[in-house]
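Both of the next two complexes hold chain A, though its partner changes from chain B to chain C.
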Partner chain A sequence: MKTNWVLTAASWLLGFLWVMPLLYALWAAIHPSEYATHLSLLAPWTGHNFAVAWAAAPFPRYLLNTFILVTLVLVAQFVLCTPAAYAFARMRFPGREVVFAIVLLQLMVMPDVLLVANYTSLAHLGLVDSILGIALPYLGSAFGIFLLRQTFRQVPQELDDAARLEGSGLLAIIWRVYVPLARPTYVAYGLVSVSYHWNNFLWPLIVTNSVSTRPLTVGLSVFASTDQGVDWSVISAATLMTSAPLLLAFLLFQRQFVQSFMRAGIR
Partner chain B sequence: MRRETVHAWLLLTPALALLVAFTHWPAVATLWDSLSSTPRGARPAHWVGLANFAALMDDPVFFQALWNNFIYAIATIPVSVVLALAMALAVNRAIPGRAALRMAFFLPTMLPMIAIANIWLFFYTPDYGLLDQVLGALGFGRHNWLGDPALALPSLIAVAVWKEAGFFMIFYLAALQSLPPVLREAGALEGASDWYYLRRVTLPLLMPTTLFVLVNAVVNAFRLVDHVVVMTHGGPDNATNLLLYYIYETGFRFMDTATAAALTVVLLVILGALAGFQFGVLGRRVYYR
Partner chain C sequence: MLGRRALLGALPVLAAPAIVRAQTAQSLTFYYPIAVGGPLQAVMDGYCADYKKETGVTVNPVYAGNYGDALTKAQTAIKAGQGPHFAVLLAAEMHSLQDADILVSLDEIGLDADGKKWVDSFYPAFMANSHVGGKTWSVPFQRSTLIAYYNKQAFSEAGLDPEAFPKDWAGMSKAAQTLTKQDGSGRVTRWGIKIAGDLGNAQWTFGALANQVGQKLMNEAGTETYFDAPKTVEALTYWRDLAPRGTPPGISAWPVLSPDFLEGNTAIIWHTTGNLTNLRGKAKFPFGVAGVPGKDSPHTVVGGGNLYFFKHASAAERTASLRFAQWISAPERAADWSIKTGYIASSPAAYDTPALKQYVAGFPAAAVARDFLPVATGELSTFENQRIQKVLTDQIQAVLNGQKEPGPALADAQRESTRVLRQFL
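Then we have the complex of A and B:
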């Protein structure tokens, strides 16, 4: 059919436009500097830019910081949000709806917006320039509580009752009945959380001011803004390098990623 | 108190305490700070009433940031949502290279905004950047994309659209795939054209998704300013100063916490109004399923 060919061509054109900035950065990163702005089929390949970037800034340390940060956030969110979600999903207590509504407020007013007040709190706690300080505002997550509550509500009440009859305590019921059945939700929420905190920038920029705490995003901005003589090849290499672990994870778990975002989004 | 109540509160308290400490408490503290002066040296903050807000009324940069944010939102949101829908429709069909195409659309979403800003900074470089090279080859002159007040904000809008459209595409794709195929068959039996079917069947059924995506897009338009920090610092001449960036600048560069608090209150009021809209339009059904 004729129209279908037009649509297909248009789709491909859009797709090409979409990857072009990325391909351009990739081009600059894998060729010598003199070819960065000069597209030529004869340009030789090189890993030189990556080596220069890797050596010019403490990227291994930044990578470690980001890794600690996302792990800390993820584990704490799971541990904190699971019991809260269970309470909202399966327990009856006065004021439940009101408290839940208060929690949901955070979906609209995120800590990202309350920079100044949160920084003041961190200063009082003496946690400025620490990885825990970057993580702290995000640990009690309304999104996580909401997502898990929705999942827990779909667990058959009979399983809960059966475990109770066998004499299991509350925490044991949550751990043995609810957590295993909610595994897909944990995967989905985990991927969303990891990619969010891997990519987060403004808050870590404010909180950190030393190499031992800076995550990759802040490290990259420090690297690119200090005088590198604006060597775009090296900056492109550094940029791709810092995004690579997440991109690689995405390519490996593409299906789960896409499904997670769908699961997390359709609410 | 009943045992269940006690247990429920024990389960809730750790998460709730952190949540309140870093969302609700700072919101209240911000309101208080906005009504006080900035503490300087030995002089602690004192009550000044609405003076900080009165000062904002005389601050042309504040109005510029508000206006910029409005333009930014009003341009970014519809363009990225319409593109997201087009992308979802494109990769929902049996098209050659569908997986590659879907990845091309989705990849920018996975990158940190700061990495994206670097890539586009290079892309936008006057004369040497790919954009100027392509336009130069087509006979257009050089452009100072980020240095020209008329071009800077649209340039940032393009970056935001590039990052967000693929993200929203995912939600449309999920919704499209959950539409019963029977509908398409019925449409075909009735002789409905593709365009007619899209307009009269698909789009109305996608309305809940569109509302969800819209709310997300609106929040992001006020929340994400990483690219401003890297690409323009709000310049040239405040042409790309957005509200949250102005808060960041006021609070952490100029150390004027009182004004930053007043600005934050303005942002909170905007977000609150949007939340009200969300609860009103989307209704309880979406949140309390």
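Then we have the complex of A and C:
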């Protein structure tokens, strides 16, 4: 019982530390700027910061762009990684290990190193300044392939064989046997992928030029007005607005996410 | 594409230059960063719409983040052959951009008599980071200097004359110490002064300090630095000795200077003129603007962004870019941009426009920075600019943190920068 109590207290402490930046952002966002660093209970409330932030950039459009971007990336990653993972997990072909090692190599390369090379490819394809252009370098994911392969390998071979005896084709086996069993992995990987692309900044900034393609993060950078210092209140309001959809989604599906992470073994 | 470009390039040789001039580019793209608050993207879009109405030429302004982002974005796009025709980038990046071999000089684009007059119309201080090898590589767009903002209320409270900001180092130190206020337990509730010592800003502040003893930090060619000169050491020693009684020990960071000033945590800050409009809107106390002091008399440093033109553009596009640059830096536009941002207008003529005259009459502080331009120097600008800045800043921070003495620290900085710059000599 005693250790339990200690554990609970420690969890609360860690939880508090984690949520503190968020609480601060909330505090700064709903009070005037002069209270940003004065924690006074008597500070007046205001919606002014949200109004200023909202007016500073076309956020509805940016939100739509971000939404299209993360959906596009996620769907493409699932569609591309699943067959690849199945091939690496269950099919026998010469050079399988070598090819898999090459795929894993991609994990070692920082995406920032490839900025110029990726940009050049996109320029050749005529995809600069398009949402597809932002997404393209990320559609094939080594991490996704690796993760799904590990999960698929744990699927009992008997299920595969049984489906085959019933007359299922290759795609039907993947769709009916492997994908349902790997659902926690898909959810967990989806969360990692969505939050990464929701937050990605440098690449979208470089490859986009217009309001119709830019995601939220690039819109947010308007507030990093370095020549005059940071207005914490407005930047907090903007941050809350842009991260709210993700936070809400997480709170709503919290149970599923937590269970998925436990089962998928990503921590 | 390649064929057409090669053909255009060959045209001047094949045909009379007048024919090339006659073909004008109808669409241009440029990148610009924003480093101050306000709906400036809309302002810039408005300028370009006006230009289209006047000339029929479409100019697409692309907001490119802060100065660092804009530089990365422009260089990446240009390497991929899809870059902008011109861009607003830090004036101090001239040598690095030249080294990347992507710039074209104004002389090469071709300046007629009017063009030469235009280049001469800017404040000379703003051209301090534009010349190398006898050519002009950029023109000022949104420029600033380091100036002092001070809390007049705090001055009165401490028994100092709020209309007489110190003009020399001795007066500055004394004022800073007088302004520092402690509560009963000895905790400081208000510092006298805060100066930025963080990466990306320390070298700028320090450029002003060096200029205040009459020392330059680099040569015009950007191939040599003078970090270990006795006067440079003197400047750093002065900065360090402001602590702990006038300024907090250690590093103060640029982005928190204005919030600290607005909250009364510090009575004086050395900051950019680009901050003026922001502070004016937010300060709850009367504040003053003054030139930063010097060892004997006020001296400062210039900063901000210039317009650069890129080599990969065709002859017609280069000419069209130059024409737009002339249009957007004309006195009326320069005055308007200055009022909306707080930057110093780039030419004296802009201060003769009715709009800016009226603005300065209602807000005299807006003209203070301009008045100190004659005593301003160019900012630290060398080849491998960002590396050299880091080398210098590391040593400045070591001194401010009390880990090193100014002399040995700056000798180390000089040794390292000499090593980095050797290949460019």
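Here, the second predicted complex is superposed on the first by the 203 of 267 C-alpha atoms of A that agree within 3 Å, B and C clash if a C-alpha of one lies under 4 Å from a C-alpha of the other, contacts with A are read in each partner's own complex, and residues count from 1 in each chain.
The rule we apply is simple: contacts are C-beta pairs under 8 Å (C-beta built on N, C-alpha and C of every residue); 3 or more make two chains touch, one makes a residue touch a chain.
Treat the numbers as computed from the prediction; the structure is a model and nothing was measured.
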Contacts of A:Thr46 with chain B and chain C, given as first, second, both or neither: neither
Broader residue contact with chain A after superposition on the shared chain, chain B or chain C: B
First (chain B), second (chain C), both or neither touched by A:Ala56: second
First (chain B), second (chain C), both or neither touched by A:Leu115: both
Partner chain in contact with A:Cys81 - chain B first, chain C second, else both or neither: first
Touched partner set for A:Leu202, first chain B, second chain C, both or neither: both
First, second, both or neither for A:Ile235, with chain B first and chain C second: first
Partner chain(s) touched by A:Leu170 [first = chain B, second = chain C, both, neither]: first
Which of chain B and chain C A:Val222 touches, first, second, both or neither: second
Partner chain(s) touched by A:Ser130 [first = chain B, second = chain C, both, neither]: neither
Intersection of the chain A residues that touch chain B with those that touch chain C: 36-37, 115-116, 119-120, 202, 205-206, 221, 224-225, 232
Interface residues, chain B side, partner chain A - complex: 2, 4-5, 7-9, 11-12, 14-27, 29-30, 33, 83, 86-87, 90-91, 93, 95-97, 100-108, 110-115, 118-120, 122-123, 125, 128-130, 133, 162, 166-167, 170-171, 173-175, 194, 209, 212, 216, 219, 222-223, 225-226, 229-230, 244, 247-248, 251-252, 257, 260-261, 264, 267-268, 271-272, 274-275, 278, 286-287, 289
Contact set on chain A toward chain B in their complex: 3, 7-8, 10-12, 14-16, 18-22, 24-25, 28, 36-37, 39, 80-81, 83-84, 86-88, 91-94, 96, 99, 102-106, 108-121, 136-142, 145, 150, 170, 195, 198-202, 205-206, 216-217, 220-221, 224-225, 232, 235-236, 239-240, 242-243, 246-247, 250, 254, 257-258, 261-262, 265-267
Complex contact set, residues of chain C against chain A: 29, 34-37, 39, 41, 60, 62-67, 69, 72-73, 76-77, 79-82, 144, 254-259, 262-263, 271-272, 274-275, 278-279, 282, 284, 342
Complex contacts: residues of chain A adjacent to chain C: 33-34, 36-38, 55-57, 115-116, 119-120, 122-123, 128, 202, 205-206, 209-210, 218, 221-232
